[in-house]
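The chains carry the letters A, B and C, assigned in the order they are written, with residues numbered from 1 in each.
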Amino acid sequence: MQNKTISKQRKAYIALMRGLMGISIVLTCALVLFLIGYVLAKGIPNISWELLSTAPSYLSDRIGILPDILNTVYIIFTTLLIVLPLGVGAAIYLTEYAKNKKVVAVIEYAAETLSGIPSIIYGLVGMLIFFQLFGMQTSLLAGSLTLAIMNLPTVMRTTQESLKTVPQSYREGAFGLGAGKWRVIRTVVLPGCIDGVITGCILSIGRILGESAALLFTAGFAHSLNGFFEGLQSSGATLTVALYVYAKENGEFEVAFAIAAILMVLTVFINLSATLVGKYFKNRRNI
Amino acid sequence: MKKIISFLLIAVFAVSTLAGCSSQAGGSVSTDGSTSMESVIGALGEAFENENSGVKFTYNPTGSGSGITAVAAGRCDIGLSSRALKDEEKANGLTETVLAYDGIAIVVNPENPVSDLDLETIAKIYTGQITNWSEVGGNDGEIVLIGREAGSGTRDGFESITGTEDACKYRQELTATGDVITTVSSNPNAIGYASLASVKDTVKAISVGGVVPTEETVKDGSYAVQRPFVLVTKTDTKLSEVAQKFFDFALSTEANDIITGAGVVPAN
Amino acid sequence: MKNRKQLLETIIHGIFLVLGLITVGCVLIISIYLVISGIPAIREIGLVDFLFGKKWASTAAEPSYGILPFILTSVYGTAGAIVIGVPIGFMTAVYLAKLANPKVKSVVQGAVSLLAGIPSVVYGLVGMLTLVPAIRILFHVPDGASLLAAIIVLAVMILPSIINVSMTALEAVPKEYEDASLALGATPVETYFRVSVPAAKSGIAAAVVLGVGRAIGEAMAIMMVAGNAPNMPSLFQSVRFLTTAVSSEMSYAADGSLQKQALFSIALVLFLFIMLINATLNFFLKRSKEN
């Protein structure tokens, strides 16, 4: 019915816009499919149990990525251990304590600035601060500390969002019963922000998994098999750094693609769990 | 939440104790430096670990300059450099010990018919006086110069031997040996240089002035493009017991087979 | 009893205050450290020679430290990525936010967030093995590792941020605006582009700025495809960005040398760019919130 009244010019405009949108969406999807297909096709045939379960050996000319997998686990664990108290604490301060609007604005601006700083700068400053100031050497711990600063804004933001959804009436109720502020936070506020903390963890894990530039200069790229505490003090490559090293330094593309395929699968897994966690808590809240 | 944390804790400790089995206390040796020395130092370290159970050997492939810095700053026991130390570095209290000699292979794509160039021609190619492969008996095609980044031991060695310091007109400056080989293998008109020990069959190492780069020609010095692999230590600080043990092991005759196996020529 | 309780509350308040200020502390430490380590080399080289020098030869017998090639490469590379990435991302965002049915929307959104989660080295790896040879063959140039390759990789990498941020902005446009336009006889497509998009323009601008920030700060992926020679930028030449200039020579430069200090100065310049972009981003985000 409308069509009759639409001029040719308008029709052309609509067709053009529709066409452009179509092209864009097809391009985007094709790109994702190509990337997934290419990496998986090249990577999966090279994944073997031997690759996953051994350390590399020069004498027998074998490549194994077990140390890199362990390093990745260590670094994720340590980073979260450092960043969670800091991020959650900062978020609690912002939503529960801070009364001065200017202070809040400054802190939030700082957090946004932190999230905008590229990882290469983190790597560089991490190297400067942790080596020169604290006399550390390239180690997983130095890497974790750097990554903790990097992920601070993420954890802070997700926790803050979930704190905002804790109804004010809960707090007032608890105060009314005579509870002190700290007690209210412990018993009412903290349990309310679990979903934010978990989402923050998942997002941070994703970012840590994919990080390379910040780790090259701080955590180094050794492939030695270590226990947890020993590993923290020695240099080690995470999977992503190992991928870079194998592709660039050694030209071992089979291994590189195998790692890329593993990372790709992990990324899908992390995205899915982030969505699921979000949905789960949303549903629970609505009940 | 507590459950999740304690579960995570348990998981990590379980994993770490499992992995920790292989490395009881017994001292550690840390090395840091040249990426070109990866295969030789990796093999030496592994053999050393096998012989001395409980000893931990680490190698951090960061680059010659970085390795020298690291040993000077005490961040590692032994620095690895694929170039001789500069005078000012020696003046800063560092000592060099030559571990082995390595040829720098001039590599081209396997499709390239050119298989021999003399030093002078190589210098002309790298300084941009010769720009087409047809000028040196190859197919018609612009020569693509692949080099290493400033500070690389391989680049230092190559440029000083060919007399092309600061004059190379690189098309690409890559940060690693493997990268050079990959790039040359994927471009039919590329030429690059890389440690002989790392050369694979995806590229062709050409002869220089008629001399094919092999262990023998590197050893007798007839292959001109070569450089030392150096262990860097502090002059006035004693190595730890284990580190000294590794140092002696690396320079012993029994290590020669391992060094040769990694494709370079032992110094002793 | 009461006093003790109050004391406890005060202490805890103090602890949280410190935690809250940690982000501010981090930003300050990062800025101070970069400035302190970046200034000496600039002093020695001279600000003008450093920023506008056209030649970078850090290890030459007579070293010269001009970073104009890196600055221009970063600017051109980012601009190129924006020119390619923004239209595609924007159009996709409009389609997803307004026209797509829920099923298509959730699938494509999943795909886009996957794109955002892929590590940058994977982009570099795929680019190095597919894009670089493709450029060499398609454009008959001697070597494919070039500014163009970097631009394409960057465009792909900023796509997810542009799509996500624009979508959020478009979805926040009040439905009444659109209903009014539709009631006046505009078709849906016209409504979306002539009413919704202008209403969401601050958010979309924020998306573009965010993309700029991402592109200018990326290091690993472009290190693998750009060739890294310190040339003045040109589409088919191998080039070096600010980020790759820092990372490629960092591991080889000797401590305390002018070369290493100059690398820190490059990082400082990069940092200043980023701060500028952050400020712009904040401006647009604030405006989009106010709307």
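Definition applied: contacts are C-beta pairs under 8 Å (C-beta built on N, C-alpha and C of every residue); 3 or more make two chains touch, one makes a residue touch a chain.
The structure presented is a predicted model; accordingly, all values stated were derived computationally and were not measured.
Asker: Please classify the inter-chain touch graph. Allowed labels: line, ring, star, complete, other.
Answerer: Graph shape here is complete: every pair of chains touches.
Asker: For this structure, I'd like the pair of chains sharing the most C-beta contacts.
Answerer: Most contacting pair of chains: A-C.
Asker: Roughly how far is chain B from chain C, going centre to centre by Cα mean, in whole Å?
Answerer: 34
Asker: Counting in whole Å, what is the centre-to-centre distance of chain A and chain C, each centre being its mean C-alpha position?
Answerer: 17
Asker: Quick one: report the Å distance separating chain A from chain B, using the average Cα coordinate of each chain.
Answerer: Their C-alpha centroids are separated by 34 Å.
Asker: Where in chain A do residues touch at least two different other chains?
Answerer: Each of 247-248, 253 in chain A touches at least two other chains.
Asker: Could you tell me which residues belong to chain C and also touch two or more other chains?
Answerer: In chain C, 128-129, 251 touch at least two other chains.
Asker: Spell out, as numbers or ranges, the residues of chain B touching 2 or more other chains.
Answerer: Correct list: 62, 73, 174-175, 182.
Asker: Considering only the defined contacts, which chain A positions touch chain B in the complex?
Answerer: 56-59, 70, 73-74, 77, 131, 137-138, 194, 197, 220-222, 224-231, 234-235, 245, 247-253
Asker: Can you check the complex and tell me which residues of chain A touch chain C?
Answerer: Of all residues in chain A, those touching chain C are 2, 5-6, 10, 13-14, 17-18, 20-25, 27-29, 31-32, 35-36, 38-39, 85-86, 89-90, 92-94, 96-98, 103, 106-107, 109-114, 116-125, 128-129, 149, 152-153, 156, 180-182, 206, 209-213, 216-217, 240, 243-244, 247-248, 253, 256-257, 260, 263-264, 267-268, 270-271, 275.
Asker: What residues on chain C touch chain B, complex-wise?
Answerer: Result: residues 57-62, 128-129, 132-133, 136, 142-145, 223, 227-230, 238, 240, 248-249, 251-255, 259 of chain C touch chain B.
Asker: Sort out for me which residues of chain C touch chain A in the complex.
Answerer: By the definition above, chain C touches chain A via 5, 8-9, 12-13, 15-17, 19-24, 26-27, 29-30, 33-34, 37, 87-92, 94-96, 99-100, 108, 110-115, 117-122, 124-126, 128-130, 156, 159, 163, 185, 187, 189-190, 193, 213, 216-220, 224, 243, 246-247, 250-251, 264, 267, 270-271, 274-275, 277-278, 281-282.
Asker: State the interface residues of chain B toward chain C in the complex, per the touch definition above.
Answerer: So the residues of chain B in touch with chain C come to 62-66, 68-69, 72-73, 89, 141-144, 149-152, 165-166, 170-175, 182-183, 186-187, 189-190.
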